[in-house]
Every structure is written in C-alpha cells, then in structure tokens.
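In this document, chain identifiers A, B, C, D, E and F correspond to the written order of the chains, with residue numbering beginning at 1 in each.
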Amino acid sequence: MSATGSGDTAGPGGLTHLNAAGEARMVDVSAKEVTIRTATAAGRVRLSAACVAALRSGDVPKGDALAVARIAGIMAAKKTPELVPLCHPLMISGVDVTAEVTDDGVELRATVKTNERTGVEMEALTAVGVAGLAVVDMVKALDRDAVITDVRVIAKSGGRSGDYRRAGK
Amino acid sequence: MSATGSGDTAGPGGLTHLNAAGEARMVDVSAKEVTIRTATAAGRVRLSAACVAALRSGDVPKGDALAVARIAGIMAAKKTPELVPLCHPLMISGVDVTAEVTDDGVELRATVKTNERTGVEMEALTAVGVAGLAVVDMVKALDRDAVITDVRVIAKSGGRSGDYRRAGK
Amino acid sequence: MSATGSGDTAGPGGLTHLNAAGEARMVDVSAKEVTIRTATAAGRVRLSAACVAALRSGDVPKGDALAVARIAGIMAAKKTPELVPLCHPLMISGVDVTAEVTDDGVELRATVKTNERTGVEMEALTAVGVAGLAVVDMVKALDRDAVITDVRVIAKSGGRSGDYRRAGK
Amino acid sequence: MSATGSGDTAGPGGLTHLNAAGEARMVDVSAKEVTIRTATAAGRVRLSAACVAALRSGDVPKGDALAVARIAGIMAAKKTPELVPLCHPLMISGVDVTAEVTDDGVELRATVKTNERTGVEMEALTAVGVAGLAVVDMVKALDRDAVITDVRVIAKSGGRSGDYRRAGK
Amino acid sequence: MSATGSGDTAGPGGLTHLNAAGEARMVDVSAKEVTIRTATAAGRVRLSAACVAALRSGDVPKGDALAVARIAGIMAAKKTPELVPLCHPLMISGVDVTAEVTDDGVELRATVKTNERTGVEMEALTAVGVAGLAVVDMVKALDRDAVITDVRVIAKSGGRSGDYRRAGK
Amino acid sequence: MSATGSGDTAGPGGLTHLNAAGEARMVDVSAKEVTIRTATAAGRVRLSAACVAALRSGDVPKGDALAVARIAGIMAAKKTPELVPLCHPLMISGVDVTAEVTDDGVELRATVKTNERTGVEMEALTAVGVAGLAVVDMVKALDRDAVITDVRVIAKSGGRSGDYRRAGK
C-alpha cells in the first residue's frame, strides 16, 4: 500500500503479505467489498485414555471444564488482529465454539461471521487454537503428552474468492 | 483458593483448575518455589508443495516471511495469561522461537525460560501455536489447505514435578 | 449461529447468549441494522465524610483526581469486548464520562454513542464501573470502606428494541 | 517518585496517587516488603424475579451462564493494571470467583492472592465488577433494569496496613 | 457528546478533546462521513556512527533487525486507540512501514489507510513512534545515546479538512 | 537462549536481540541480578505559537489537557512489553510523568522504577513517546504541524552496566 496507493497486488512468490522488497505489510483492503463472510475451523486435542475418562466420568462435577475452552476460543477470536501481526482488525458479528469429548480427546470447532472487507478464516483458526491451549492447560496435571493437532479451515463463504469446503473433511 | 486458604489441591478427577464444585479457578501457587524453569514446545504447519516452493525459491526476496512468525510467537508468549483463562501471569525471562522450512511445511519450535512459581509449558505452546497462525496467514492466498499440527511440549525442566522429555520425539 | 446460520434466536429461558445446549456463544448480529445508538449509564462511589472533604478541600491541588476516573472510564468503554466475554466488538463514535463529588461520594455517568449493529449499554456500564474502580483506587489510603454501587443503564436509544428510560431515575 | 527518589509519601489531602502538585503518579512501592497478601471483595447484581426464575428454572440447560461470569472475573483480575490507571502491575498467584443465584439476583465474591509489594484489593474489586458486567450482559434481553451494586472489599490480609475485615458484612 | 447530543463542537481554546468544562471526552464523530482516508507519518532514530556501521556491516546476518521495527510499527498502528486515551477506535484497512538505515541512523515512515469516520494521523504517528522504540531497544547495548526524533505527519488525504502535505518536507 | 542455554551473549555486530543467525529473540536474563533500577527519559512536542497560547490562556478551562498526556504515559509504561517485541515483561514499581508547557511546545519527562532483572529505559521512553502522541492528538485540530522530538534516555541507575547520565542534557 502507499498513499498514492496500488493496494492488493501480490507480493513475491504470491505471498501477499510481503511487498516487492520482501518486507511485511498489512495489505490494503479498502477497495474490497463489504459482504457477509463466514469461516469454520476445526481441530483436536489428543489426550490419553485416562484423561478422556476423567473428562467423562459422571461422579465428579466438571461443569466449567469445556466452558473455559469455549469462552477462551470466543475471546481469542476477538484478539486475532493483536496476535497475528498482519491481520486486519475487523468487527466479528458472531462466534460459536463447540468442544466435544471423544474417545481420543476433545474435538473443537469454531464458526465466525462478519460483515467486513476481509474474511474470517484467521479468526476461526485462532478460536480453535486458543480453545485447544485452554484444554491443554486444564488437563496438564493429568496428561503431559496432550497434543493440539489438525487445526485447519473446513469451510468458508463470502468474499471475492468464493465459497470453499475442505476436501476430505 | 480461599482467604483461609487451602491452595493447590486437586479438583475433581485430577482437574486442578476446577474446585470441588467443578467451577473454574486460578489455582493458588503462592506456596510454590521460585526456581528457574524452562519449557520447549514444537509444532508444524503442513503446506502444499507449491507453497513450500514459494517459501524456498531463491529469486524473490522473502526476508520477513519467517520473521513475522518468529516475532508473533515471541509476542504471544507474553500474552499467554490473557489468552488462557486460568493461566497465572508470570514474567518470562527469555524466549527463542525458530521457524524452518522443510519439505512439507514449516517446523516451529519455542523455548521459554522464567524464574517464577509456575512452569512455562503454556507459554511455549502459545508461542508455537500463534507462530503457526502467522504462517497460515502469510500463505493463505497460496494454500487454503494449510494445517497447524502436532503442537506439543517436548521438554521441560525445573519445578516440583521434575524434568520431562517427551517420549518418541 | 452456524455457517448455515439461523442467528439471533433466543437461548434457554430467554438467555440469548446461550445456545440450545446452554453453551455460551456470541450471538449473530450480522442481520441487524446499522443505526446510531446511544446509551447512558450511571453509578456512584459511596465514600466517608472525611474522604469527601479531602476531595473537596480547597487548600490542596487535586487537579488529576477526577480526571483519572474520567479517562479510565473512557478507555474502559473501548475495552468492553475484551472484558465481557460474549460482547460484540464495536467501534464507539463518542464517549463522555462525568464524575461529580457529592455529599456522600462521587456520582458517575457515562454516555456512549455508536453507528453499529448492536447497542452500547455494556460499554456505558463498563465506563461507569471502571471509573468507579479508579475512584476507589485513588482514595483507598483514606477510606477502606468505599463502595461502588447502583451501576445501571438509565437511558438508551436506537436499535430494534426502541428507546428506554429507566423508571424512577 | 523521582530519580533521586522519595517514594511513598502521601499526596495532597492524603490522596497518595497525586504528587504535591496534584498530578497523577504511580506511587513508588519498591521499598515495600514482598509478602503474601490476600483480598476478598463482594458485590451483587440485582435482577427481576422473572430473571432470577429464568436463571433457576430446571427445564433448560444453563451450564455456561454463571461460568461466563466467573471466567470474566478471573480474567479481569489479571487486567486490573490495564484498567485502573495508577495501579501497579503485579503477578496474581491465585483467584477464586463465586457467583450464586439468590432470590433477588446474583451474589458475587472474589478472592485474590499474591506474593508482591502491594495489596490486591483492586484486583478483587475488578474481578467482582467485571463478573457483574458479564451477568448483566447475559440477562440483558430479559431484564433491562439490572443493577450492579455493593461492590466492596470485605476482607484483606498481609502488608504494612495489617488485616482488615469490613464491619457489618 | 451527550445523549441529546451536539457532537463535534470545539472545546475551550479550540481543544476539541475537552468539553466546555475542560474535561476530557471522546468527541462524537457519528455524523462524519465514511470515506477513504490515508495518512503518512515519518520520523528518525539518530544513532552513533558505530551503531550505523553495525546495522550495515555485511559480514553478519541481521535479517530480523529492521523487520522487528516494521512489525512493531504495524502492530502498534492497530493499538492506537488503546494507547491514546481519546482516540476513536477504527478499523485500519492497510499499513505500510518502512525502515531504512541512513548515515546517521534509521529513517522510519508509515502510511495507514482506512474507510472510516475519522482520520488516521494518530495511527501513522503511533506506528512510527513505536517502530522507533523497537529500533532503540534493538541497539541499546551498542548505543545508549539513541534519540527518536522528528516524528510528524507528512501527508494526509480524505475527510472534511481536506488534503494536507507538510511544508518543507 | 536455548534449553541447554547460554543466555545473554551478544548477537551479530553487538545486536544482542539477534541470535547468531540474525533471528530475533528475547534475550535470556534469568541469571541477572534483581536490583532497584530507575530510568528517566525526556522528549518534547514542538507546537505553533498559537497552540502554545491556547494551552496557556487563562480564560478557558483546560484541566484535563495535560492530565491526559500524563496518564497516557503512565499507562503506556505498563504496556511496553506489548509494544516493543523483544522487551522483557517486568513489574514497574513506580512511574512519574511530567508535562510542562514551554514557549515552543510541551516538555515531557518520565521516571520509571523497578526491582527486576532488566532496566527500565524502554519503559521510560515509551511513557514519553506515548505522552507525546496524546499531546499531538489533543491539539491536532489547532496545529497540524506538531512534532514529537528528542525522545531519549537522560539518566539511568542500577544494573550491571552502572549509572548513566546523558552528556549535554
């Protein structure tokens, strides 16, 4: 971007976040259209069988365990532009984070919606990634080998590049 | 924790971050020892062959591409207690983040050090996870299928629970 | 909210911030209208007579005492979505905070304005609440019994739910 | 405070956060002792009978309603120095927030602990105040007249000024 | 601003950020037009000849030295409303920061773009100022006498007050 | 820094914040001594004569004009590690910011104190720089040509490198 302004041209090798000299920039999106955009990301925290059992056992109250992860994810979606250096700030209009205990850990999913000039894939990924960190923090006294894995965009709609649905899953 | 104070007892099912009623709390660590503690976490962003080629190609300047990821990781380590709801705030005394292009993506590693009452596993994991988000953001126009994966603690030293080195790798 | 998306339906018992399963979410507001919205909140810090006298006495300079509270309130209004987990981020277009010493403490009032899809009651309440915290911090060496009280919305305009003016005061 | 440094002397009228000219400062605490300090604050959100009934009714899931308030309070305690302009940053070593539905609303209580040079009253008050904001946000579609009230320190221990227990309640 | 609202009238002596009583406020901009606005700021870090030589010498790798400054500037532009108390929050649509080693230090320049109701001069100045702080931090073991200087707006476009280009340079 | 760890060795060309490969890192300070450290920085905002007159004129209330700058500086000192990517987080034990109207603008000075393992020069510089941004924001409707200048450390005490007092002024 410059004051006289060319905008959203690709950087070297297609890396749009770099200018022609290879320097980081926040790409100019002021000419992009304001539309409703959504993105869904998913990921997983792989846990030991003992840890899954503790999360599932019916004889202890665990009301807040997954709530902490969901809330951490929602709040992190709002912090995306603070965390990812070249991300545009944007106003999220809705976030939904789910956390489900499965046989080998916790499955996480986040859907983010906006009416803005850029997509919300990074917001959805950040929600899943930070929800995953909150799960690991919650169980770390029980399972030192927890792994956050398969954090990826699974669907996207709105914007110039069109809809996307990840192949496979 | 309470004013009359019991402290670091385990919550239901060994989930220390929950009290006896299953409610989230920030566990009292005031009686823990101040020692030098380190943790190393690692992870990977899996990228397409075309995307790896763009990151590697010698004919374009890409000075800042991995610098953005490293710096995002360092800054995120400092933000861990803002992101992970029940994490204790602590003063990091050093952080090192590496990002290396491999045949199938970018390998990330973070080592965090402190002189405090709690360990820095969560800080190291946060550094890796956010560095991974920065990589995905950088390449997302080239590769919509990028995956952040295998984010895990690989080594830890200091503190009551003793040294840890992840089995396998 | 979901990618296929129904949006702003009420949750259990009318608690819109919970989904049908009782899980926290940030409600989808992308279909709401962008209009000018204002909200005014008020509250009070109840102080001892000696503390009020110190804030009022003419023989000492106290230029910054209430300025700190006003500025804390204005800055807090901008931080509302960081503090209140399910609040939508929004761009405030104006904030006015007043702090007046009365016979029994400090009376606080905040008016917030926006051109967005959601109201600014939470922003106005946050401004008053945090201005109150700043007052308590300022006087705490003089008065350990300070109380922040009666923090409430007193008027609201704009948006689908129409204008509101609190009964009584 | 100054480079040649006098430190923690009282400002005009006993307002320690102002210097002799009435200007805001962050008081020098470097000569204060590091000890274990705790503070407990309490407060209440006054709600309509219908709103209390909705929070209590057994036929709808409301798992996250109070969890959101508790987690907001814990996270806010960590943000106190960002919110209250003249507060010292400090490392909290534990936080416990409770939220209980009563006949006329939600009763909130927060206990904060630290090993530092200053007390944690402001952290405990901030936790209660922000937990209160989260409750109001949760119920605002049901009850526009919610009031956050009686936010006050009820007990304190550690530090030079000695233990404190609020008279009455 | 008030609920009955006059808005953007000048305060005492033309200081728009103060109300008639001289109290700080965030001026109401809700009636201003949404247009594309840009601002460019510049500044310099004056360094010793030895320090310039270290930044320039070809025999050591210094890939990240200026990248840190550029990225710090980009991220700081997003934080402007958190830093400058009466600044309106706004969504930046692009930022470009350059850092060039000259014979007497490092020349910094930032261009910020937005589609909003207020200008982005403060964002551009903040980007330059914080990039300057990052440069000083980077070299402070080599040069204790570094000075950040001449931080100023050099051009501005969009908005009611029309285009501006600084006289001289 | 590394897990097996050498720590605070100089990077290429004496740039301690870079490792041997020229990559940014947060230098390990865990072996440094905890001592009382202070730093004083100064700077200036150069303003037009008309703007100085407005700040000085006795016929309008301007109570908050310089208070905003002082408070912005104090709060910014606490945010230094968020702004300057490789700065260590640390607990400030006191901050004093002064802002004085002179014939050609506003003179700013900040003194910061800590009991930690690293110095507070960056915190003092950040306080001055951000106080300067707040001054510019305050007067920008009156004076578009304001310049923040001569931001520099003028004195420092404590720590291994010994006391420092800037030559000249």
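The definition used in the following text is that a residue touches a chain if its C-beta (ideal position, glycine included) is under 8 Å from a C-beta of that chain, and two chains touch if they have at least 3 such contacts.
No experiment lies behind these values; they were computed from the predicted model shown.
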| item | value |
| --- | --- |
| Required minimum of steps from chain A to chain F, each step between chains that touch | 2 |
| Steps needed, at minimum, to go from chain D to chain F via contacts | 1 |
| Other chains in touch with both chain C and chain F | D, E |
| Magnitude of the superposing rotation for chain C and chain D (Cα, nearest 5°) | 180 |
| Between A-B and A-E, the pair with more C-beta contacts | A-B |
| Farthest chain relative to chain A (centres taken as mean CA coordinates) | F |
| Most remote chain, CA-based centroid, reference being chain C | B |
| Euclidean distance of C-alpha centroids - chain C vs chain E, Å | 29 |
| Centroid distance [mean C-alpha coordinates] between chain E and chain B, Å | 31 |
| Of all residues in chain E, the ones touching two or more other chains | 23-24, 63-64, 67-68, 70-71, 75, 79, 82, 85-86, 91 |
| Contact graph of the chains (line, ring, star, complete, other) | other |
| Interchain contacts (touch definition) - all pairs | A-B, A-C, A-D, A-E, B-D, B-E, B-F, C-D, C-E, C-F, D-F, E-F |
| Chain A residues touching chain C - in the complex, by the definition given at the top | 36, 38, 40, 67, 70-71, 74-75, 77-79, 91-98, 111, 113-115, 155, 157 |
| Touch list for chain C against partner chain D, complex | 10, 12-18, 20-24, 43, 54-55, 57, 60-65, 67-68, 71-72, 75-76, 79, 82-87, 121-122, 125-126, 129-130, 132-134, 136-142, 144-153, 156, 164, 166-167 |
| Residues of chain F that touch chain B when the two form their complex | 1-3, 5, 7, 19, 23-30, 81-82, 85-86, 88-91, 116-117 |
| Residue ranges of chain C in contact with chain F within the complex | 63-64, 67-68, 70-71, 75 |
